[in-house]
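You will see chain A twice below: alongside chain B first, and alongside chain C after that.
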Partner chain A sequence: MTYHLPALVFLVPFVTAIGLPLIALRDERRCRPVALAALSVMAALSLMSLGSVLNQGEIRYAFSGWAPPVGIEWVADEIASIMVVAASLLALVSLLYSSPFPTQTLQGRSVPYYSILLLLVSGLSGVIYAGDLFNIFVFLEIVALSAYSLVAVPGGRALVSAFRYLIMGALGASFYLLGVAYFYSATGTLNIADLAQRTPGLLESKAVIGGLLFMFIGLGIKMALMPLHAWLPDAYTDAPDTASPILAALLTKVALLVWVRILFWVIGSGDSEQPVVVFSLVWVLGALASVSGVILALSHTDLKRIFAYGGIAHVGLVLIGVGQGSHTGLTAGLFYIINDAVMQCALFLLAGVLVHQYKARTLDDLKSVNIRSSWVGGAFVVVALSMIGLPPTGGFFGKWYIVLSAVENRNYFALVAIIVTTLLTLAYFARVLERMFRSAPKSPQVPDTPLSFRASVAALAAAIMGLGLWSDHIVSVLLEATRGLGR
Partner chain B sequence: MVELIEAWLYRPNFIAFVILFLWGLYITVVHHNLVKKLIGLYLVQTSVIFFLVTTSAKSGATVPVLTSVTNPGGAEMYVNPLPHVLTLTAIVVQVATLGVSLALVSAIYRKFGSLHEAEILNRLE
Partner chain C sequence: MIHTGHESMIVRRSAALVIPLVQLFGLYVLFFGQYGPGGGFVGGVMLAASLIAGILVFGPDGQPAATAKKLLKTDGLGLLIFAGVGGLCLIGGGAFLNYSSMQLPGLDDPTRRYLGIVLTQIGVAADIAVAAVSIVFSLYSASSNEVSDG
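And then the complex of A and B:
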């Protein structure tokens, strides 16, 4: 039973997504409960699989019994299991939160909407579990296609944003596939564990270097690395308020995770000299992305857009940690990916609450309303503290380990980039908080915050605090799981 | 330099791939018509698939189906079937992407009454 858990985690939302048009044939109102049930089952199964992986070691699932490297392999190690738990719980929370939104906006399209949402979540778990490069490509495309359609749901301006995202995303996928083709022609295998055996001797090969760079460009578009980020702010701003939390939380993070896997599990695992140049490229681009991301966040007034640029900056922070090439840096990057997923989800969820309750989309709108709900205000403060990186939140400990890895390498440029990012993050959150808590003289009366809003923001704020308070345990699990990788 | 050019000329398939890829990328970036952008995107995706297929080609080899059970012959007799399988999946992904993108384009046309990027951006203001 435990052996099949990774496949089950994927299959539950996937089968529901395909069966949903049949289940909801008579009555569209069945969609929501069915989707909620599927995601709850998925979350429970992923927790079970995490428990079994922590107790009995990793699960390597070979589909239909064909042993790798010939067959298709899924690897549920500690990192993949933790990521899938995070993904399924965040998906569940963001689905729970969306209940007060009026269903008329979907205009009879709720069946495809929920179907695509479930497809997105199952694709995410596929990317995280997949143990070979080509499977990762296929699942990344499932995720991307669902994301294009979800972004386009509100119509109007969102259609253009979705089209832009599609052009960029499809080009990124082509670049990634090209890199995979290069790797395959150089090594003759696609399985990550098998590649790890063969690439160390081939690091001088131009095909491997070229393949690595093409994959980096492709994944760079998917993870919205700074010069390739143009699709992200438009797509996240125009996406429906119900779907943007899950998109913002996980789209860029899975691409980051894939890149980390390639960097450390494929090319960085041998005894030979590590390709230092690639790691320097990664952290330099990360430093540029984090500083320019926060500067752009400061220059905007639309709340969702500010948060989107904050997310771009945090992708840069993860890359700074990963680019140190050390064991500490890798662990720091992985821990920060989890933190950032929770923080982005919480930020876009709060942006959705502000739109729904207070009709506030921009900083100026915030000035003219009074946030009376202590749930919303409190959760916002917690998320802001974590984004800035103040203890005892998860963001602080994530940033702490990244700083630690930079100091260990005596990499003071990266250190300066982190400090500048932190200060500017403080600056743009000060702008938001100042307008949020200033009392407005003639603010309109707003109805009480619905229970699902209160519950979901409280759950995410608690998760951020929990990631901080139990950071010791999580980091020690990650350290153990990445033993032997990195310098 | 001469050796480099010689090496290129021995691999006309790679030259064809590079031309197709860059051509597609150029069309996608330069043209303002959304459907033309999609055509460029299609060229890029197809060129990558073409590259994958050509890596499996081998002179004097045949389809990877056993000609005889008792005397199957060595691996050099057959072309590598794996890139073809990958290609099939990649084509499916490409078709799905094209479907979604054409649906988006038709929705944009119904909403804005134009396929020209500049006009659509004008109407967004």
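And then the complex of A and C:
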């Protein structure tokens, strides 16, 4: 039974997504409870799979019983299992939160909406589990196609943003596929475990270097790395408030995870010169992305847009950690990916709550309302602390390990970039918090915060605190899982 | 795009002759997939192509268009067949889509594998056909919207 868990984690939302048109044939209102049930089952299964992986070691699942590298292999190691648990729980929370939003905005399209949402979640688990580069491409495309259509749901401006995202995303996918083809021509395999044995001797090969760069550009678009980020702020701002938390939490993170897998699991950090060059490229671009991301966040007034640029900056922070090429850096990057997924989900969720309860989309709107709900205010403070990187939140410990890896490498330029990012993050959150907690004299009466809002923001704030308080435990699991990787 | 059928007698007659042949050949390719080139994807595309040709020639009120509209309702059924076969294998204790452990009583191993492949191919073909037809319908409705806007 435990052997099949990775496949089941993927199949539950996938089959529900396909079957949803039949289940909801008579009554569209069935979609939501069915989707909720599917995601709950998925979360439970992913927790079970994490438990079994932690106790009995990794699961290598061969589809159709064909042994890899001929067959399709899924690898549920500690890292993949932790990421899938994070993804499925975040998806569940963001679906729970969306219940007070009026369904009229979907205009009778709730069947496709929930189908696509479930497809997105199953695709995410596929990207995380897939054990070869081509299947990663397939699942990245499932994720991307679902994301394009989710962004386009509100119509109007969102259509333009979704179209831009589609063009950029298709470009990114093509670059990635081109890189995969180069790797295949050089090594004759796409299975990650196989590649890990063959590439170290081939790092001087032009095909491998070219393939690596193409994959980096392709994934760079998908993870919204700074010069290639243009699609992200528009897409996240215009996406429906119900879907943006899940999109913001996981779209860029899975691309980051794939890139980390390629850097450490495929080419390793080796002893030759080539990977060192790649790693320096990664952290330099990461440093640029983190600093320019926060500067851009400071220059905007739309809340969702500010948070989107904050997310872009955090992608840069992860790359700084990963780019150190060390064991500490890798662990720091992975830990920060989890933290950032939770923080982004929480931020966009709170932005959705502010829109729904207070009609506040921009900083100026925030000035004229009083946030009476201590749930919303409290959760916002916790998320802000974590984004800035203050203890005892998860963000602090994530940043701490990234700083540690930079100091270990005596990489003071990266250190300066992290500090500047932290200070500027403080600056833009100060702008938001100052307007949020200033009392407005003539604020309109606001109905009570619905239970699902309170529950979901509380769950995410608790998760952020939990990631901080148990960071020692989580990091030691990650350190154990990445033993032998990196310098 | 498609407002009426094609008026030419030659086109209508030859379409009526060719479309069944294309469908027959599509089915052949679908079921021959285990022994030679072909399979679910190609078979599905051929079935869809025959329907699309029928829609183009006989117009939105013709018999092929009516069949295609009925087909659209089965969107996702093909994938369900695919996942169902995989699920039967899972229940039998094998990996997803490992046909030899498919839970069908009274069959020996080669027959199970044969049936498993055929069923998944049928699922794939159904899904491809529905997807292709739905692309045509969405293009058609988009262009007719433009007409009504103008």
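The rule is short, and it goes like this: the second predicted complex is superposed on the first by the 481 of 487 C-alpha atoms of A that agree within 3 Å, B and C clash if a C-alpha of one lies under 4 Å from a C-alpha of the other, contacts with A are read in each partner's own complex, and residues count from 1 in each chain.
One rule holds for everything that comes next: a residue touches a chain if its C-beta (ideal position, glycine included) is under 8 Å from a C-beta of that chain, and two chains touch if they have at least 3 such contacts.
Given the structure is predicted, the values throughout are model-derived calculations rather than measurements.
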- Message: Output check: A:Leu281 vs chain B and chain C. Expected answer is one of first, second, both, neither. What do you get?
- Response: neither
- Message: Between chain B and chain C, whom does A:Val15 touch in the aligned arrangement: first, second, both, or neither?
- Response: second
- Comparing the two partners chain B and chain C, which touches a greater set of residues in chain A: B
- Is A:Phe63 in contact with chain B, with chain C, with both, or with neither (first, second, both, neither)? second
- A:Ser174 contacts which: chain B (first), chain C (second), both, neither? first
- Task: Check the residue A:Ala162 against both partner chains and state whether it touches chain B (first), chain C (second), both, or neither.
- Result: first
- Query: Touching A:His4, do we find chain B (first), chain C (second), both, or neither?
  - Reply: second
- Message: After the superposition on A, what does A:Val138 contact: first (chain B), second (chain C), both or neither?
- Response: first
- Given the complex, residues on chain B that touch chain A span 21, 25, 28, 34, 37, 41, 44-45, 48, 51-52, 55, 82-83, 86, 89-90, 93, 96-97, 100-101, 104-105, 107-108, 111, 120-121, 124
- Could you pull out which chain A residues touch chain B in their complex? 134, 137-138, 141, 145, 148-149, 152, 155-157, 159-160, 162-163, 166-167, 170-171, 173-174, 177-178, 181, 184-185
- Contact set on chain A toward chain C in their complex: 4, 7-8, 11, 14-15, 18-19, 21-22, 61-65
- Within the complex, chain A is touched by chain C residues 75-76, 79-80, 83, 86-87, 90, 94-101
